[in-house]
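Okay, so chain A shows up in both of these, paired with chain B first and chain C after.
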Partner chain A sequence: MNDIGIQPAALAPADFKSAIKPIWCPGCGDYSVLSSITKALAMIGRPPHEVAIVSGIGCSSRIPAYTSCYGFHGVHGRALAAATGLKLARPDLTVLVTGGDGDGYSIGGNHFLHACRRNVDMTYIVMDNHVYGMTKGQPSPTTEPDWDSKLAPGGTKIRVFHPLVVALAAGANFVARAFSGDPNGTAALIAQAIRHPGFSFVEVLSPCVTFRPEQRDWKTQVHASPVEETDDPVRAARRVMTDDGFNIGVLYAGNRAPYSPERRTPPAAVAELEAEFRV
Partner chain B sequence: MSIDVPQTLEAFMAQALAMEHEAMQRYAELADVMETHNNREVAELFRKMSAIENRHAAQIMAEMGWKEPPPASAPAWEGFEAAETIAPDDVHYLMRPWHALQLALRAEERAERFFGRLAQAATVDSVRKAALELQQEEREHVELVRAWLAKVPQPEPDWAVDPDPPRYDE
Partner chain C sequence: MGDDTDAARAGSAPRGVSIALAGSGGSGVMTAGTLLLSAAAKAGSYGLMVRTSGPQIRGGEAAALVRLADRPVDTLGDAFDLLLAIDWGNVNRFADEIPLAAGSVIIGDLDEGEPPEVYAGTGARFVALPMKKMAKGIAGSWVNMIALGLAGALAGLPQSALEDAVRADWKRGETALAANLAALAAGYAAAGGISPPLALPQVPRGAKARDRWLISGNEAAGFGAIRGGVRFVAAYPITPATEMLEWMAPALARVGGTLLQAEDELASINMIIGGAYGGVPSLTATAGPGLALMAEGIGLAVASETPVVVVDVMRGGPSTGIPAKSEQSDLSFAVSGLHGDAPRLVLAPTSIADCATTTQWAVHLAEALQAPAIVLSDQFLGQSRAIIDPPADPGLVAKRLVAEANTPGYRRYRNTESGISPMAIPGTPGVTYTADGLEHTEAAVPSSAARDHRLQLDKRERKLLAYDYGERWADIEGEGDAAVITFGSTTAAVREAVARARAQGHGIRLIAMRLLAPAQPERLTAALQGVRRVIVVEQNHGAQFYRYLRGHFELPGRPASYHRPGPLPLRPGELHQALVEWTNDRRATA
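On to the complex of A and B.
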């Protein structure tokens, strides 16, 4: 209730959508993920001006423009760095980071490790389609070694990057996997990730129907029932090391306190600030 | 697949309402997709379907005397999405109205089967009666879409051929 006694109307997913229409390929999983993000934000109930969405480069990194929240479409692979700075400067904001597997695990791989380790209170949503879609289908860190394409004849023969294992080992406080073909389940998982303190990582299997049309079959491969949530890192590690890549649900929800540096009163004058750096 | 039957008429109708809302939203999303890809004919058709689903939702609200949709509870769909919702990856940027109506027809047929199974599995009389009524409504929708489809020309064999395709991988 506000200070003149009016109960604000509940927020709807449409309140978080901008007037800009997505330009993804028809059938792209990212449409559903966008819908899940707006549903999750409506569930959280914070108005758009209290939410910031930060991204890097790639198809899925276009998401900030499609929402009515504050947005920052940053440099390739550097979304987590920008978001970390934003959250530390403005801890009152709900900060989401969105991107793809190439942006997050290759170009931004180093930032991914340290964002997990730092455990700043924000939510990282990676739409993983195992390919660089925007640049026309090059193999990404999560591409299967035997995926044969004109750009990688015979496949890369390189072992895949396992983001959930890495996130858990590096210290992420919440690790989950969702599927874009399950938009309601994905929305609930994202809402849970936002509410969970610390760095929350949600990997969303989001098919690229243009360069990986075989990923349409994911809807028959993803296990319908979510896994049982655990706060035991050993159990979670065993689970993510042995799963087939199609389990969905919260794989780990830990209890580590988020990183939150002590906030100092900013200096009143520039001279005071300069004095701090004088040698 | 087992089916989770609501135990009260209100819970059942809330689920039916959620189903109409999901279908309405998906049709609107697909209309946007088609508009973006300059397929205006199909965009308009999806927009019409969205408006029709919206009317169905309004009918449920009026029948139940609801001013606002009831608080969302986890709907018991048989798959990831409601029976009447078109899968987002079933579309093509060059699809013709005939394809769009085929998708709508399949969605209505799924909805009819869904309510039929619910009616069979229901243990509460009011829920069974409502499920049978909704099954009948969905059957009528199936016939309406079939009639619509009969008036729409079948696509040309080369409907998906694009002399300047957006995808190049070499």
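On to the complex of A and C.
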């Protein structure tokens, strides 16, 4: 409420959009994810200047500039690190991280593990399309072993990385799977992830229509998760390891307290630090 | 090269005594060395203690190299007046680090064997004392307290100062304290019983210590950073920078800041970029291998105009190199090791005390210029402890040009005259933007247009070049038609060498450069007025500073170079000889 007692108008998704036109190909799943993010932020209701969206490099990493929030478009693979620093320095902000499977699971894999285990209160949204799109079609850690490409003719022959299982094992406090073709459902999942304390991870299946046109069929394959969310990581892991990879919904919602280093308030004067040096 | 001539004594070289306390790991020589330094401080003198140890993480051989003097000292002398070895273990491995002269004294315990030939062969006088038996004779006492009493007495320190130092540091019970004070007294008395008496140089009795500090360069850098306004640190442990982080962790918590141990250096640099983007002055500390990993991130700080400070406590390189030994070999990397045209600040403290001031200045500059600053400390500065006069607060604090809320038509990377553009801090309404490592327009929209690239490159260069860095860019001392240019930890050894040369009638100016990048050629030219020849002194194999200076500055005559890699420190006598030879070589004159 403002100082004359009038409830300010509720925020709409459009309030979170910028004027910059995305560079994405027509039909890219990321358009819908962008729309889901702005919808989710409108549901959360914090104004754009109190939200920061951090990303690395890749098609989906372009999202921050397409919003009206504060954004940080850094280097490849390090978005979670930059976001961790931002959130610890500025706990008052709502911090989101967006990126793709190459950025998050390959070059940024170590930060993914440690962000899960550190459990800083932020939300990580990965648009997984099982391919490097920006560099025009190389296999990522989630690419099927037999997918043929110029860089790996005949396929990589390497088993895929399982981000949800890894997130659970590493200690993420909220794990969900979404599908870009269901923007309202994805928006609801993202809003729930933002509200959930600690490190929330939302893997969004987001087709690359240019390099993986067969992913257009995902819309016929996805289905609502047949079971309720759990706070038991063992059950969650068993379920996600045995499902078909197209379950949509919240898989795990834990209750671990977020990492939040204590600060002395009021802070001591710097001069107090001098005492220990005095002879 | 022990240049202890009358001429050197007549100059303004420090007066005092150098003592090496050595023994196998666990014999307590580091504790004894620290207490000796502390006692000297209480007695009103200055001093320095350098720690050295074998490659083992724990155990192995260790030595505390202590120099006590009548003024602040940031370099070891040429030779040790006393080597006091509790046992011989592998102490022979320190022969290069503990040079002895004919007038030196070795005290050892014959129950631990004869002194190794590398020491005995120097002509130093050997005195045998059964230190272990003496300690055994006092139930509950330790042999290092016998050694402390001996060393303190021979250095001329009052017994009361030694006792005060032990009491101030004591963490165990009263019974053990009494036993060890008795051991200290026994050692002190034994020094007087040596016949014929030893005549070591004495620590000049200064005035009673007013407000002196006992501090390492790593602690000083951490303190300077906090005094400059740093409140967020993310870093990965690495020798020899770790102590800076260990000091900062609780200190930051006290002043309302946060230190986070990152998963690697790639994370560290990006975390502090995140913190600084959020408006909080941020820093990381590392050594060469970590700096190499951070290169991409530092470039991101350049392009996104995010202020960060990276303290590089240099060690022997390349690769894992010699982790616990000093070298100034990251200079080239620091001044030029980023891809693209990437202007950055590079600074180097010239003493342990200056680690505080220079790091504080680095925070100030990084924040004022919205650019990354690399501080080149090194293992010698970082891990040595010194008695210093408290570094005066230069009043340099982080002060960033920030955007006002709801600025109409706000453009984050606006092409201002100074090149510095108001930065919107998240949380400020009406000026949101996306910071970017991609080249961008003034309005922060990604752009690969030639005009935008050129404009932003010019702006990022201009803001560093147009800034007035003031007189702090270098320490300039003395007059003469010859000049020595150096930087960082070698400054102190050069200063002593120059003092000796001056005492012999050689007019030499000393220029210790604190701001290494951006290069300040006009300032150096002004500082070199009347100088006809220069020599560049540095501790690395590739003459990196010499080549940097030749590439970016005008130097008179035929510039000469004296450079040598680590791990052994440059010593005043070695440099004095080099300076005299160079001065006598007239070919170097313009």
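One rule holds for everything that comes next: the second predicted complex is superposed on the first by the 259 of 279 C-alpha atoms of A that agree within 3 Å, B and C clash if a C-alpha of one lies under 4 Å from a C-alpha of the other, contacts with A are read in each partner's own complex, and residues count from 1 in each chain.
What we mean here is this: a contact is a pair of C-beta atoms (placed from the backbone, for glycine too) under 8 Å apart; a residue touches a chain by one contact, two chains touch by 3 or more.
Small disclaimer: the values here were computed from a predicted structure and weren't measured.
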item: Touching partner for A:Ala89 - first (chain B), second (chain C), both, neither; value: second
item: Chain B versus chain C as contact partner of A:Asp243, first or second or both or neither; value: neither
item: Touched partner set for A:Lys21, first chain B, second chain C, both or neither; value: first
item: More chain A residues in contact [chain B versus chain C]; value: C
item: Touched partner set for A:Glu229, first chain B, second chain C, both or neither; value: neither
item: Contacts of A:Val209 with chain B and chain C, given as first, second, both or neither; value: first
item: Touched partner set for A:Arg263, first chain B, second chain C, both or neither; value: second
item: Touched partner set for A:Glu144, first chain B, second chain C, both or neither; value: neither
item: Residues on chain A lying within both footprints (that of chain B and that of chain C); value: none
item: Residue numbers on chain A that touch chain C, as the complex places them; value: 20, 47-50, 52-54, 62, 64-65, 68-75, 77-78, 81-90, 92-93, 110-111, 113-114, 261-270, 272-274, 277-279
item: Residues of chain B that touch chain A when the two form their complex; value: 25, 29, 32-37, 75, 79-81, 87-93, 166-170
item: Touch list for chain A against partner chain B, complex; value: 21-23, 25-29, 31-32, 35, 136-137, 149-151, 179, 181-185, 207, 209-211, 216, 219, 224
item: Complex contact set, residues of chain C against chain A; value: 38, 41-42, 209, 211-215, 219, 223, 226-227, 231-232, 234, 251, 253-258, 260, 262-264, 266-268, 270-280, 282, 296-297, 299-300, 304, 387, 390, 424, 426-438, 444-446
